[in-house]
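Each chain gets a letter, A, B and C, in the order it is written, and its residues are counted from 1.
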Amino acid sequence: MGTPSLEHICEGALLAAGGPLTLDQILALFPDEGRPTRDAIAAAIEALRRGFEGRACELVEVAGGWRVQVRREVAPWVGRLWDERPQRYSRALLETLALIAYRQPITRGEIEDIRGVAVNTQIVKTLLEREWVRVVGHRDVPGRPELLATTRRFLDYFGLRSLNDLPPLAEIRDPAFLGDELDLGEPKAPMGDLFANLVAVTEGSGQGPEGNN
Amino acid sequence: MGTPSLEHICEGALLAAGGPLTLDQILALFPDEGRPTRDAIAAAIEALRRGFEGRACELVEVAGGWRVQVRREVAPWVGRLWDERPQRYSRALLETLALIAYRQPITRGEIEDIRGVAVNTQIVKTLLEREWVRVVGHRDVPGRPELLATTRRFLDYFGLRSLNDLPPLAEIRDPAFLGDELDLGEPKAPMGDLFANLVAVTEGSGQGPEGNN
Amino acid sequence: MGALVEPSAAPQGPDAPPADAGPRQGELPFAIVQGSPLLTLPLDLYIPPDALEVFLDAFEGPLDLLLYLIKRQNLDILEIPVAAITDQYMTYVDLMSELRLELAAEYLVMAAMLCEIKSRMLLPRPADADTEEEDPRAELIRRLQEYERFKNAALEIDALPRLDRDHFPTQAAVPPGHSRRLPPTVDLREVLLALREVLARADLYTSHRVEKESLSLRERMSLVLELLSDGEFRVFTDLFPYDEGRPGVVVTFLAILELTRGASLELIQPEPFAPIHVRLRTPEAPRHALRILSPTAAADWDPDEEA
């Protein structure tokens, strides 16, 4: 094939990488002299993405960059390459994960408050081991509980580009018997901005703190 | 893409497998009922092989079965994905480099006199290979030891216009300088910002050449 | 593309589980007792402790159980009939304690909360609107809603296509031998810290004082050596830069003197007032750093073919 085109180099790298690659990682494959521009790489990736249409794989953007993945339609057969069935996660684990994803950074105690039951230590351990969740700090209250947040690996695993791609949270409705004077108030988001953004996106716009219906 | 074709299933499996697959392994992906014939699989593989022509990867038969691999032409770029992570340089190397920068042209013996220990040959070799240091002459004393000096590349790497941009020794001796308040974060390759800070500090003090004590 | 191979009727593939096999509250049997699903709790019947345990295990705590009780009756959380729900809830709790099942503390706390709400609902509410009192159910409703939204979010996250189940990354093989060993990156600060340490150590010996020399002089010494690195003679005056003004000339002159003093250079003047030539010292050269040749010797001397 002679000297490979930019698109071929990107294709080879993305097919071989086994995980997402950022534009910068792709740029780093080229020596300093003769390094293509970011725009050229981006254009090659876009051409590649279209080229994958109708094939067994697709090129998708996730938090960690661009990734070639086997299409969902083929997964049932391909999954049989590996003996173990894909893991199913308990509701307790998924609820804990959901709370960390939507309410991060969050302490274990805050998770317990919302779920109404103690958080199983093993669940948090599993989430940490899978590197879906990590400790990002400690809340400055007695006991200095750990603050948990999701990782880029979590986003990559679930094919998300950012937390904004999470399915929107359901709204909280005010009971009919409550007048406006009663502010049920969303429990204050621990670390303001991150969560404020998340809420704004997930709960839709043009809605008060707790949309009244 | 609807129900996947046999060819798509083979393509997905071969790309995801991370190693060669035999026809039997591919056959085993299908449940007993509705399993295609070996001939059908072989035909699909042949179609796939031709489909890969002119792309970044190729489908080749190796001892372990069929494997998708990056074409040789693309390998020089793709192989860089697995560049070996750099180790850190030893303290001895950094000390040697610093002495060459501040006391050039300097012989190995003079470096040993100041450091109080022998200079490892490998260290000088590494500095020469990195092209941060070179031999600029020989001192005319018995043994004619090499005189070492820093290079233009050294200045470029550390973002210096000339050696005068290095902070004077007096400042380096000051325990407050380079202290934690000057935390410059992770070592980024060539460090524009770091150096901007340093220059600001050194220039602010009306730096003479090399202030003593 | 060749024959379509459809392994089973379900489009999910060979042996995919039913699409919504996940537990769905409100449709989930309490338990499977001897093969048959137990859809409503037979309060009037003996319940094997095992079954009750399974039943309780299906819930993620008191809030989940309450949500189940509400949804089972197609009630809206917002209009929760506290009296009826409390009675049902208490039935379970009583049953559990009768059976001496270990009851998680959360269930008891919720029981106490429900009883309190129920009793407050029974109290006559003050007639005047000024002292409007919060509905006793408000906090419970808020908690139920809050829990429910995350319970649903968990189901949605579970439904997201994910690696190892719905997608697989590709891993094409790469011919070996193309990866490189990268040199470490170095921070100038590291170099300076290293130097500080050397200086601290050197100070202990005090025999090595760092002299007062400017780095520009040191740099110029290196440059002069580099200019002469081919071992050839250069005309002395050619070593001086003319674009750096007086300081440039001075520093270059000092550098040449310093190098000559250190016997790295030799200066040669064939005869008085003739141009001075400079080159690197070589082992074969005579020991004098500065030679002024005698007029006779100078007559034969040619800098370009120096022995």
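Side notes on the structure shown:
We take it that contacts are C-beta pairs under 8 Å (C-beta built on N, C-alpha and C of every residue); 3 or more make two chains touch, one makes a residue touch a chain.
Please read these numbers as outputs of a predicted model, since none were measured by experiment.
Chain centres here are means of the Cα atoms, and by that rule the chain farthest away from chain B is A.
The central chain of the assembly on a C-alpha centroid basis is C. Chain A and chain C have Cα centroids separated by 14 Å.
Centres computed as Cα averages put chain B at a distance of 19 Å from chain C.
Here the spacing of chain A and chain B, counted between their Cα centres, is 29 Å.
Each of residues 3, 7-9, 12, 15-18, 29-30, 57, 68, 70, 75, 78, 80-81 in chain B touches at least two other chains.
In chain C, the residues touching two or more other chains are 7, 14-15, 168-174. Against chain B, in their complex, chain A makes its touches with residues 1-4, 7-9, 11-13, 15-18, 21, 25, 28-30, 54-57, 68, 70-71, 73-75, 77-78, 80-81. Those residues of chain B that touch chain C in the shared complex are 3, 5-9, 12, 15-19, 29-31, 33-36, 40, 43-44, 47, 57, 67-70, 72, 75-76, 78-89, 91, 94-95, 97-99, 101-105, 113-116, 130, 136-141, 144, 147, 149-150, 157-159, 162-164, 166-167, 169, 172-173, 178, 182, 184, 187-189, 191, 194-195, 198, 208-210, 212.
In the complex of the two chains, the chain C residues touching chain B come out as 1-8, 11, 14-15, 168-202, 205, 208, 210-219, 221-222, 225-226, 228-229, 259, 262-264, 280-281, 283.
The touching residues of chain A, when paired with chain C in their complex, are 12, 14-19, 57, 67-72, 75-80, 86-87, 89, 91-92, 94-95, 97-99, 101-102, 114-118, 156-160, 166-167, 169-179, 181-182, 184, 187. Residues of chain C that touch chain A in their complex: 7, 12-16, 23, 60-64, 78-79, 104, 106, 110, 132, 134-135, 137-138, 141-143, 145-158, 160-174.
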